[in-house]
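There are two complexes below, and they share chain A, which is joined by chain B in the first and by chain C in the second.
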Partner chain A sequence: MTNAADFAAIRLTLELAAVTTAILLVVGTPVAWWLARTRSRMKGVIGAVVALPLVLPPSVIGFYLLVTMGPQGPVGQLTQALGLGVLPFTFAGLVVGSVFYSLPFVVQPLQQAFEAIGERPLEVAATLRAGALDTFFTVVLPLACPGFVTAAVLGFAHTVGEFGVVLMIGGNIPEKTRVVSVQIYDHVEALEYAQAHWLSAGMVAFSFLVLLLLYSRKRGGVR
Partner chain B sequence: MSPAAAVRVSGSGIEARFRLAWSGFALDAALQLPGRGVSALFGHSGSGKTTLLRCLAGLERATDGYLAVRGEVWQDDVRGVYVPTHRRPLGYVFQEASLFPHLSVRRNLEFGLKRVAAAERRVSLDHAIALLGIEPLLERMPERLSGGERQRVAIARALATSPRLLLMDEPLAALDAQRKAEILPYLERLHGELDIPVVYVSHAPEEVARLADHVVLLRDGRVLASGAIDEVMPRLDLPFAHDEEAFVVVDAQVAGRDERFALTRLEFAGLPLWITGLDAPLGAQVRARVLARDVSLALAERHDSSILNVLPARVVSLDDASPGRTLVRLDVAGRALLARITTRSAVQMGIAPGMDLFAQVKGVALLR
Partner chain C sequence: MEPSMKAPLVRLLCAAALLSIFPAKAAEVSVAVAANFTAPMQRIAAEFERDTGHKVQLAFGATGKFYAQIRNGAPFELFLAADDATPMKLEQEGATVAGSRFTYAIGKLVLWSPKPGLVDGKGEVLKRGAFAHLSIANPKTAPYGAAAMDVLRKLGLADTLAAKLVTGENIAQAHQFVASGNAELGFVALSQVWADGRLTSGSAWLVPGDLHEPIRQDAVILAAGRDKPAARALADYLRGAKAVAIIKSHGYGR
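After this line comes the complex of A and B, so read on.
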């Protein structure tokens, strides 16, 4: 039924999703914090930019990433100057694309979690001698923990489900950029419906389980 | 910057000057508070008392501000000094208890404590716990506490940081009368047992009368009056005296007892003041209040009435309280009393400043 190529695709997909989620949690946290706390007029602009991947066709994101990261693009020039080569059609390129593609799925739950905490616990912490960073780790992180779980799960799941961006900037290189969604596409193209079914059903089951966990956890109330 | 590195000035009290302008509200307050005892910031909502308290804490950044607490400068915008909140050795009790929901009572208490250098600790955790009577609550989570218990934990948490200034923003406002009565004795204990100046925001005259030594009256972001409670409350030019329930605070000493009639004699301005229902040892310091409407005036000392407390007094000033009623400020051997009488009586008796007469005090209510 399934073969080594399928397993390679699954492994690559999980790897991509894990790396992307890790990067997004690190990068998304300060962005979400800023969005939750700022009174700057830039809040609307940055918020809209973060939300763009929600509405843009993945091919548009992929196209611009391809252009900027390509040999002639500004990012491509930079990576070449740094001796890293160009990112398109590499795993690193996929990671960059996935980070953009899944950004709102991580930033928005975090932002909501930070906003829900409000000003008061931060003020209380300050009157109890905790500086900003101290407060972030000892008060904000524990209180926003459910938000972090939601952000990580959504970021991971959404990256697993990525297709258009991958196709645009990753192509279809076995064990390097061929993720599950692309593999399914290949199977269908080759009329290998049984294998397409196997992977597709796996994706459905995985996505359903993730969402089930997320929603039943929410309904149960977060203590 | 450690507190030791802070800029120092002379002075043992609290000196503050803040200016702050928002749309629809401006704070422009300068005040000096004693470095010990309880100072109450009193005023209606919107008078700026909470904002002023937040400026003292550094939670609100006033422009053009100055703040020195017991000789330590926390803010001086002329010299570019601004100590952020978390570096100020203060305790702050918010209106709602604001305990950290993810920490047990014990870990809430330890949150501030463990961020204070050992050398700076003067209030032990055990002392704070005992003062507020919260030993049985230590292992509970905040969600399992009543409102009154939460507020007691919040006060203990603030105390456990050994603050050099304790700021309290209407800590009883969110509680019902029963919970208030539960906490007030603890607040009085703080006052008696710890040498920490307290700035207490309140809009309840009762609370102010019970707790405060010093009163700051605020209106529209400005300081209307500031002084010792027994000086500020009888002032006829301030709204306290014109309240329906206007009263003066009487700090007196227990001087004797009449067992037969279950009366206690207080010494007030060298004069006896009899009170019922007080069981305190000789020499104890008590605080009572005398309502303006419980004081009537007589031109001669009468012994044919049921009124027990008749004190010789001199009229200081008069003011129309409301149509038909007149407020009279009296001087009783250097202490102030207020009497509210009908204007007709005032006219018929010919009451005028400087006149000597007798104040008949119908009721003395013990505050603490």
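After this line comes the complex of A and C, so read on.
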């Protein structure tokens, strides 16, 4: 019922989601921390920018990524000057697109987790003369651990479910940019409904299991 | 409060609202149109409405998607496909009005770049291969993509250029990849880069018809269009002199 191309698409999708989630945890943590602690007037602006991918249609994100990362776009000019070529039609380009597309799914749970910690543990750590980094790794990180799990799971799952952005900037290249959602779309277009069903049912099962794990854990957790 | 006094007014307003939703009017025909035929169909539909008084509702999209929607009860009465295989398949499955299938346009394939001088008049640029990306429509699903692969195979370049191919989900996206500069050149529909009898921009090679299977675009009246005079009228209109002139001016053959 399935073939090598389907498995290649599955492997590529998992790779993309893993790389994207790793980058988002590194980039998203300082952003979420700043959003959780700042009293700056910029908080509203940055918070809104982070949330933009929640409300923008993927066609808008994909279109602007294609234009800005293209040879005439500002990002494209920069990557060419750095000798990297242009990003559309490459795995790296999909990673950039996915990082932006899944940003709120990582930053927002982290921000909530940081806000829930409150001032008190940080003040206690300060009176014990813990440095900023020390405080972060020995106090904040353990307390915000459930938030990190939620952020990682949502970021990963949301990237697996990405379609519109990849369709716009990917170019549908096997083993480089043809992810599962695009493969399903192709199967439907080509009237290969059996293969489309196989992959689609897999996506439904995967997404349900991920959310089930996430929500079961939350219900039981007092953390 | 005197609710009984208000009731007639409310009823009147409801009736007025209902009437405005279902106005009595000339017949309406609902058409599914292949994305590559968008521009000419909009002009043809406008002429048809002016000449006949019927209303035309156009939906544009990919032929494979329309097939799935039609098989699952979409209320289209007329279908202008991007190929001849899909209308044939619908006919064999009994989803059409028998004997209503006809070729309304023949697509012409062109190798195009927005850069002047990049594409030569014989397509030699393909053999030199001095480019990073060649954009085509998905050969599995789009007739223009299948034709592009025919050409590459005939020229013996299918293997050497395989790593440089980027695939749009339809011919519109294949064109967009080239127009945005992300691919230097690509196989697109002549209708996308042709207006008023000349190339709108850049450089192009009009691919000779003997290098690929003809891109026959067929139309068919669907089961929902049975006993709908407006659907039949539009199908006839597409074969009339006025429509044919519009179709040709957009770079299609007949």
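As a working rule, the second predicted complex is superposed on the first by the 221 of 223 C-alpha atoms of A that agree within 3 Å, B and C clash if a C-alpha of one lies under 4 Å from a C-alpha of the other, contacts with A are read in each partner's own complex, and residues count from 1 in each chain.
What we mean here is this: a residue touches a chain if its C-beta (ideal position, glycine included) is under 8 Å from a C-beta of that chain, and two chains touch if they have at least 3 such contacts.
Note that this is a predicted model, so its numbers are computed, not measured.
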item: Side-by-side fit of chain B and chain C on chain A, or clash; value: fit
item: Dominant toucher of chain A (residue count), chain B or chain C; value: C
item: Partner chain(s) touched by A:83 [first = chain B, second = chain C, both, neither]; value: neither
item: Chain B versus chain C as contact partner of A:127, first or second or both or neither; value: first
item: Touching partner for A:143 - first (chain B), second (chain C), both, neither; value: first
item: Degrees between the directions from chain A toward chain B and toward chain C, using C-alpha centres, nearest 10; value: 150
item: First (chain B), second (chain C), both or neither touched by A:190; value: second
item: Three-chain overlay, closest Cα atoms of chain B and chain C, distance in Å; value: 52
item: Common ground on chain A, meaning residues reached by chain C in one complex and by chain B in the other; value: none
item: Of chain A, residues touching chain C in the complex; value: 66-67, 69-72, 85-86, 88-89, 167-168, 171-173, 185-186, 188-191
item: Residues of chain C defined as touching chain A within the complex; value: 62, 64-65, 67-68, 132-133, 135, 138, 140-141, 165-169, 173, 176-177, 180-183
item: Touch list for chain A against partner chain B, complex; value: 120-121, 123-131, 134, 138-139, 142-143
item: Contact set on chain B toward chain A in their complex; value: 57-59, 84-87, 90-92, 94, 96, 98, 100-102, 111-112, 115-116, 157-158, 161
